[in-house]
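The same subunit A turns up in both complexes below, where it pairs with subunit B and then with subunit C.
Presenting the complex of A and B:
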């Protein structure tokens, strides 16, 4: 079960992920990011502090937008990941492709 | 049955002989040593055995309908009357001759007549009994049995009562009233259809004609000749005559009065049958269309509709005329336009998302050749799938009963369609399951049975999929005498899509392995190949090892796969290779190369290498706690001295014990290499 909250702040879009993302609900995450990119967001900040688990299908969603973001020059930053969730990003090598910051202020600085 | 017939025939013959002897004795003033009682007794025996004979015979015709039963009466009557008529003619032609005056001769012919009359009366009596007892109830059967006993007593009256004495008349009246009382049971009549009722009238009339003929000829005989055994003196025979006559009259009257309403009864029967057809249609393996067909046919006949159609929504609010009866599609759509202009009907005809409580709408129309209309929405699985529209040319053409019966038809049809859909869904699911089973078999075959190795190491592997098919993959390749490639992969996601990508991975491994590439080039080309064929959000993590048994060294790359576990015998420690690396398909261009990290590790005999997929370390127990890397390492350290096979068993045992009772919802695989 995942709950995805979107909040438009000045200068950036805050997406908060709450719960667990797996194959069954990764589509929801996909749609959220696709929508954000389509609306022309330039700075997307993802709050992962309440994300308890993410499966390979969920990680695939992040991966699939890396090229698009690069092309559109979108800043996409994750922050607040728990050690466990972060290690999943790291094992896959996604930490080298995505900006992952410790907290929100760092995420906003980029 | 044959016995009773034989008994009847024998008792009749005996009676004839006794009576003729008596007559002969009287004529010649001889004393015959047989009392008259003997002949009366034989007559009773004859009646009873005839009764039993016909009673048993009719059981053989139990499934005959009423008309056929009446036909039996007619046929028996025909045969008996013809014979009786011939006898009468013979007697009349010789009446003036000496032979015609001979009492023995006359009595012989009269006794044949007795036999025939008895056969006709008793066989008809048995048929009437069958008709009266058509709808059996305990009370009815009790009353009937009483009647039969009364008749039995009537047979024996000849011994005690003088014919036509007052006792005789009283008994006869009693039997007559009893018969009258029985004759009101005419429940079989409504079950005849119109045509059958006319046939019944004819047959009952004929039966009455025979009855009259017999009665009349008995009177003639009685008047004209001195008879030793006059049937008209027999209370039983008189009672039978009266009962059969009464029942015939009653039947005739009731049938005639039932004639005008028989169509209603027929209609109800048809409705009941239609209802049965509707509820059985699915079992017969029919399709929805056939159910609709039966629905509109039976509804139209139930309400005597002049026209009607059944529409099913195809998509959105558009509807398709599935079946149009007695009007063309053009006329139907014209009429439908008229209907939708009336608000109450327009609302009902429109597809509604929520189930409506309104079962039907009836209305009177002005601008159409049809003056009254009845609409029933058809709802299957709580969704409105279409409408049944019935039209009549007369005003106020539908009454409450009609509406009730059609709404029962509609709901029964809905249930049938629902059942049909459930059944076909179940069949489709069954087929998918079957296909998945095949996929599972095919996929199992993609994993190797034999893993390449030489004497310097043992290797075992284990893989289990969460669904029917999974995305884990392992394989080995013998590069040269002392060089072996080993791969363990995990496709992102699970289930069927993962299984397809897994087979692509296998294809890539098989194409690249013979090229004897080093680790870096293998990962580079594999990424290149997979990058062009994986879907956008899919990737594959692999651990790729080249084991060189000559140098006792392994070269490996970790492409997003979980860090491999290694047990070092020298230090008796198990640890993970903490190396960097990126999954295949993550970066689908030449930049991938920069994320490849190749590492080397020397090994000694007794060391153990464990490759695993994340399903192992992410296996959770009921407290949602993960098995984790630490537990895996600890179990390996504990059992590292054992053989590869045993280590695998111990590791899996540990995982299963840990998450006991909880369902594993990821694919998990293990490859154990034990160096010797």
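Presenting the complex of A and C:
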């Protein structure tokens, strides 16, 4: 089960992921990111500190927007991932393709 | 030692399946890192079967057996029906997935990266996907993070 919170801050959109993202609920993540891009957000910051699990369904959502974000010059940064979740990003080298920072202050410096 | 779980082909059952695998591996003092990876691999195979082979039909089911030996951990994931041969599936590259903007296609890539051996057997509509990972079990009963 996942809970996704969105909060508009000055200069960026904060998306907080709470729980587990798998094939049963990755659509919620997809819709959240699609909505953010559609509304013209230029800096999207994802708090993953309360994300307990992610499978390929969740990774696939992030990957599917890499090209659009490049084209739209959107800064998309994840932060606060646990070792366990970060290791899943590392398996396929996604830690090199997505911006992943240790904490929120680093994510906002991007 | 063998453990067994049967789940209906509903995506909502994936979390129960992950908990089952996690509990078994914790019981045998498998490291957190190896446990996390194997939970992910089994989740990926089962999600693929539920979605692509069984179209999320809750009247159909898949079975998971975990066998712990001194060499490592073997998972047998069994279903009945159209076979999905994981060993023959041609995985795209990460760059191809990104360019295509498709949201799927990387689950099997993860499984191949995580497990040491993957086999697929099919006979009389019964399909078995066998995953094996070499594991060093903690001898003092404590679990490590790496």
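Here is the rule we go by: the second predicted complex is superposed on the first by the 110 of 110 C-alpha atoms of A that agree within 3 Å, B and C clash if a C-alpha of one lies under 4 Å from a C-alpha of the other, contacts with A are read in each partner's own complex, and residues count from 1 in each chain.
Heads up, the rule we're going with is that contacts are C-beta pairs under 8 Å (C-beta built on N, C-alpha and C of every residue); 3 or more make two chains touch, one makes a residue touch a chain.
These figures come from a predicted structure and were not determined experimentally.
Q: Considering only the touch criterion stated at the top, classify A:83 as touching first (subunit B), second (subunit C), both, or neither.
A: Second partner only.
Q: Return first, second, both or neither, reflecting whether A:14 touches subunit B, subunit C, both chains, or no partner chain.
A: Neither: A:14 stays clear of subunit B and subunit C.
Q: Quick check on the superposed pair: does A:34 touch subunit B, subunit C, both, or neither? Answer first, second, both or neither.
A: In the superposition, A:34 touches no partner, neither subunit B nor subunit C.
Q: Let me test your reading of the model: by the given contact rule, A:98 touches which partner, first (subunit B), second (subunit C), both or neither?
A: neither
Q: For A:63, is the partner it touches subunit B (first), subunit C (second), both, or none of the two (neither)?
A: After superposing on A, A:63 lies in contact with both subunit B and subunit C.
Q: Determine, for the superposed model, which of the two partners subunit B and subunit C contacts more residues of subunit A.
A: C
Q: Counting only touches as set out at the top, which of subunit B and subunit C does A:4 meet: first, second, both, neither?
A: In the superposition, A:4 contacts neither subunit B nor subunit C.
Q: Same subunit A residues contacting subunit B and subunit C, which ones?
A: Common to the two interfaces on subunit A: residues 23, 26, 30, 55-57, 59-61, 63-64, 66-67, 84, 91-94, 97.
Q: Contact residues on subunit A for subunit B in the complex?
A: Within the complex, subunit A contacts subunit B at residues 23, 26, 30, 55-57, 59-61, 63-64, 66-67, 84, 91-94, 96-97.
Q: Looking at the complex, which residues from subunit B come into contact with subunit A?
A: 490, 492-495, 536-539, 541, 559-563, 580-583, 585-588, 595, 614, 626, 666
Q: Sort out for me which residues of subunit A touch subunit C in the complex.
A: So the residues of subunit A in touch with subunit C come to 1, 20, 22-24, 26, 30, 53, 55-57, 59-61, 63-68, 83-84, 87-88, 91-94, 97.
Q: Which part of subunit C faces subunit A closely enough to touch in the complex?
A: Against subunit A, the touching part of subunit C is residues 11-12, 14-15, 18, 32-33, 36-37, 39-40, 43-44, 47, 50-51, 94, 97-99, 101-107, 109-110, 113-114, 145.
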